[in-house]
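Next up: some structures, all given as structure tokens.
In the two complexes that follow, chain A is the common piece, with chain B as its partner first and chain C second.
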Partner chain A sequence: MTTQAWTLARALRLAFLSAGALIFLAPYVWMLSTAMKPREEIFSSSLTLIPERWAAVENFSKAFTRVPMLQLLMNGVIVCAVILVVQVLVALPCAYALAKLRFPGARLMIAGIMLGLLVPIHATALPIYVALSGAGVLNTYFALAAPFMISVFAIFLFLQFFRAMPDDLINAARLDGMSELAIVLRVIVPNAWPAITAFSIFSVVAHWNDLFWPQIVVTETAMAPPPLGLIFFRAAEAGDDYGALMAATVVVTVPLLAAFLLAQRRFIEGITLTGLKG
Partner chain B sequence: MDSIALPAGNPARASEAGAVARRSEALAGWRLAGPALALLALLILLPTIGVVALSLTDFELGYDNIHFVGLDNYLELLEDRTFLISLGNTLTYTVIVTPLSVLLGLGAALLIETEVRGRALFRTIYFLPVVSLLVAMATVWQYLLHPTIGPVNALLRLIGIDGPNWLGGSDTVLISLALIGVWQAVGFNMVLFLAGLTAIPRELYAAAEIDRATTAWDRFWLVTWPMLGPTTLFVVTISVINAVKVFETVSTVTQGGPNRASEVLLWTIYQEGFVYLRVGYASAMTVVFLAILMILMVLQYRALDRRVHYT
Partner chain C sequence: MSGLALRGISKAYGDNHILRDVTIEAKPGEFVALVGPSGCGKTTLLRIAAGLDHPDRGGVWLGERDMTAMRPSERDIAMVFQSYALYPHLTAGQNIAVPLAMRDLTVWQRLPWIGSLLPGQRVIRADIQRRVFETARSLKIDQLLDRKPAQMSGGQRQRVALGRALVRSPAAFLMDEPLSNLDANLRVHTRSEIVELHRRAGVTTLYVTHDQAEALSMADRVAVMMGGRLLQFDTPEAIYGNPAHVEVARFIGSPQINLLAGEVDAAHGIRIGGRLFVEGVGATPGTRVTIGFRPEAIKLGGPGQAGLGASVQRIEFLGSETLVFLEFARGEASLVAKLAPAEATFFRPGQAVTIAVASGEVLVFGADGSRLSVSPAMRMAANG
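This part shows the complex of A and B:
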């Protein structure tokens, strides 16, 4: 009796989960399928997934030639890398100082950081844009990365992490005559890798996918990161060459998806950190 | 450097050395925190003050004239139809996306938690949209929901239903965008709920069973739901905040149309400030947007504070 009820419940559960999974996967399946189809098959609106005539080569070659796709991917990589490196370089020493050193103003600064957590890029975008436009540096990597040079979230995260670190470790290093900067580099960083990894994933996912800021400071295709590049591609294609469009979406979606599939646990940890950010 | 290293019995010198050590520690602190402090001031503090200041002016980029206009921009907002529509649409969108994405996230988490087989696989599948480029996936959804060539309507035709023009009709566009938003957010909420579920002590379920809860349904209401309280509140707030920030899908697919039916706050701000370059006016909108976010976060903190702790 109980086993039967259990199997029925379980069958239902699996049915629900599988149905949900199908819905969640459908866009990816159709994206791949449509990227392989020629125009006339897409417009016949049949529900077959396997194309009768394979058009992957022409679709993908359009995706790579109508917009400088490699350049777009490159832009994305460069901007994400610059942002991440600067964020970590600025946040690590600051978080260490706030967590382990006593200096006047530290409390005030922590309060400032907590307040900073409440302010999204959307709120600061206008003045920063006016300043960048005034300086004549729109359409540059600098403009793309500038507002994200500081991540209060990174400081907040590292601060929590460092507070939990034993003081003995640091005192021992001081007795060895290390300077505070040397302590950060040789004692703190090696011990902070879990936090740094998690933050890196969070930062890269956020900035690789961001459209809002790039759409504000970049108007030239050559400087666009992938999401904005895709918008330009849609405009150039008048939006109805779905085969090429899907090929392009495959190209820009695959890098992060592949990274996610390779390191799922770390990705889920890193991204759900945003939960803390609120 | 450390006072422990000093010979005992010389209090004057010890305290002097202590003062030196404190001063050098403070100096090191300032040196290490300095760059962050400067950037914090330059990139967050000043621009935030700046946006409030600009909202009191008639500044337009490209014109040199700038006048203090007091609260005129805010008064204009009250009568700006586009802005009011935008506020309303953002509210509608949030009201659709939040409950659906929270409930589905909770449902998925509960089902996955109790299922041993394929747990990792389902979790991966539901989480995929979170790491996918939203602009790209919005494009895919636009194709899926295309009124004539889209698979969704083709499927509906099979069962004799004439599907609507999902993203093209002013009655359906907001719902369609909200459904894309739900699809994108469920996996994130699910993972937060999964973390909340694993934190519930197993003994509580055993105790509940001894007590009176014999069915899974009873156990859910007796143990899981109250224990998940803080997680749920947290997930709800994040979902609301993320929904209020909807921008990517609108910018990619509908651009506020048709007929302003999908005009949402960030899109309106973007248009006004960065396309029409009416910086002063857009700043006033931004301040309203920021105020909404702040109120949401204060509400969350207060709710978290008042929360009864069950553990």
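This part shows the complex of A and C:
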């Protein structure tokens, strides 16, 4: 790798990949650029990336003052955390039981989980909404988190991961005096970090960015997670103030990027440290 | 100290009978090897002893205690797995400490952070540390205690697995082919170490292996299993010299025992190649039988001497001994003789020789494989 010659093929490959990366990054670059621009430059006919007059402070202060931005971020953190914690707490023992214990109906349950993977939230949204509405819990964190607390995807992912864990490891734990709960906590979880981290990335990204469900159960800005907050912002405050809107979008995107980079590092550590063989 | 008894164990998965009425009773402090080809049910039997599997019929007893319905953790039995089954996220020292921590600390004391605040746990933890270190030192792995399994060699992992089993001084040891993942040199070395450990600890041990040499060399008594049945349970000497079944004779011993098909004649003798080979067989005339004799029982002579005529096919020099492969009765059967290298220098491939088998070395098996009695008057007619 290090001594590879700068061949034409390599240059072509690099150019091709760079072009691809540019296409995917363009919206983000444009978002950053717009967040820095004053209003009149955004609507000017010339396309420039670097603003002539920097309006970052103006835009970001608008984003933080016109809407309760901190409240939105906090809502997002709470809802994502509740969803993730409950998902993992439910899915770990479920997946362990299905992967490693023998009991009647296990195959049927696995089939049920596979079926569950095929049903989108949009299909069940209406009945769940009616139930939550009937219970009088609309506009709460619970309403935001409830439909996602049991994740068949998490169970499925952990199930696949646990199946690869050697049975003897669990048998050894049983002989060492561990209960099934202790096995999950002391043997399965410490060795399942790569799977848990991978799932956490999926879960947090999906629910941080989710707009569909919050739009159904939340009508108050105080309860809105970030994307819904942006919608409210645009409708009520910003109008055509795209600079401030993009600044707010940047603020909403950054925590996710940071979390992802941190988790990614942990994720790779997890893979290299876990020598599951023999 | 207590003995470990498996009584009348049967186990089937659907129509697949894994174990059929197997009874093995290990005396207190005894080292019993379970040996047999793969799929003979020996590992299932061990798992039943550990409580990881449940028998359809029969029971497991530790001394006077009926353990059949007990969970593995209540049995006070330690097991060494073929794959070692070390916890990959814990260091060697933590691995060895697990069974002690699970037994000696309460649920609350084991909790992270909170546990360290509870009274009494400091003394117990110090005691656990001390015992882990002692066990590690006796296995010569005390310098490895901070390493994780992934950073250790196969032999080192195997020792850690042994340490995890030894540390809590269990009432019985179960070992499931603990040496099969080691290379040949290390295997022979570790074999004697395990025997030495057993001698020192004096704990009743059930040892599963598919390697007959391991079973013979390590165990006080050997149980030979085949197709879910216990064929013979006896001392290594009896298993080798006095096998109860043709399958036992075939499985035990390397090179394999020589087996020839024959038929009992009217005078209760068996003729091989037209010559009377055995007399006084306790079976009705006309019975199809198999006769067997060990490679070292064969005496080879020059063409002129009395005995069965055969020709030398191939000679293998193995250092301390030489194997002579013989073709007998014009390719109908092949035999192998084990000779001292000095004796074997007289023979060349293609040479005509005569075979004689020492009196008392011939075993006769009936059509169902069971051993047939041969009267004391038995005489080696082949010897002239």
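Methods note: the second predicted complex is superposed on the first by the 233 of 278 C-alpha atoms of A that agree within 3 Å, B and C clash if a C-alpha of one lies under 4 Å from a C-alpha of the other, contacts with A are read in each partner's own complex, and residues count from 1 in each chain.
Definition applied: a residue touches a chain if its C-beta (ideal position, glycine included) is under 8 Å from a C-beta of that chain, and two chains touch if they have at least 3 such contacts.
On a predicted model such as this, the values are computed, not experimentally measured, just so you know.
Visitor: Between chain B (first) and chain C (second), which, if any, makes contact with A:253: first, second, both or neither?
Guide: After superposition on chain A, A:253 lies in contact with chain B alone.
Visitor: Counting residues of chain A in contact, which comes out ahead: chain B or chain C?
Guide: Chain A has more residues touched by B than by the other partner.
Visitor: Mind working out whether A:242 is in touch with chain B, chain C, both or neither, as first, second, both or neither?
Guide: first
Visitor: Contact-wise, after the overlay, does A:114 reach chain B, chain C, both or neither (first, second, both, neither)?
Guide: In the superposed model, A:114 contacts neither chain B nor chain C.
Visitor: Between chain B (first) and chain C (second), which does A:27 come into contact with in this model arrangement: first, second, both, or neither?
Guide: first
Visitor: Does the superposition put A:187 against chain B (first), chain C (second), both, or neither?
Guide: second
Visitor: Can A:174 be said to touch chain B (first), chain C (second), both, or neither?
Guide: After superposition on chain A, A:174 lies in contact with both partners, chain B and chain C.
Visitor: On chain A, what residues does chain B touch that chain C touches as well?
Guide: 171, 174-175, 177, 179, 274-275, 278
Visitor: Can you check the complex and tell me which residues of chain A touch chain C?
Guide: 166, 168-169, 171-179, 182, 186-187, 190-191, 273-278
Visitor: Contact residues on chain B for chain A in the complex?
Guide: Chain B reaches chain A through residues 1-2, 5, 22, 25-33, 35-37, 39-40, 43-48, 50-51, 54, 61, 104, 107-108, 111-112, 114-115, 117-118, 120-137, 139-141, 143-144, 148-151, 153-155, 158, 183, 186-188, 191-192, 195, 216, 234, 237-238, 241, 245, 247-248, 251-252, 266, 269-270, 273-274, 279, 282-283, 286, 289-290, 293-294, 297, 300.
Visitor: Would you pull the chain A residues touching chain B in the complex into a rising list?
Guide: Residue positions touching the partner: 9-10, 13-14, 16-17, 20-21, 23-28, 30-31, 34, 42-47, 90-91, 93-94, 96-98, 101-106, 109, 112-113, 116, 118-120, 122-130, 133, 146-147, 149-150, 152, 155, 171, 174-175, 177, 179-181, 184, 205, 208-209, 211-212, 215-216, 226-228, 230-231, 234, 242, 245-246, 248-249, 252-253, 256-257, 260-261, 264, 267-268, 271-272, 274-275, 278.
Visitor: Residues of chain C touching chain A in their complex?
Guide: These residues of chain C touch chain A: 47, 50-52, 71-73, 75, 77-79, 81-90, 98-99, 102-103, 148-151, 154, 157, 164, 181.
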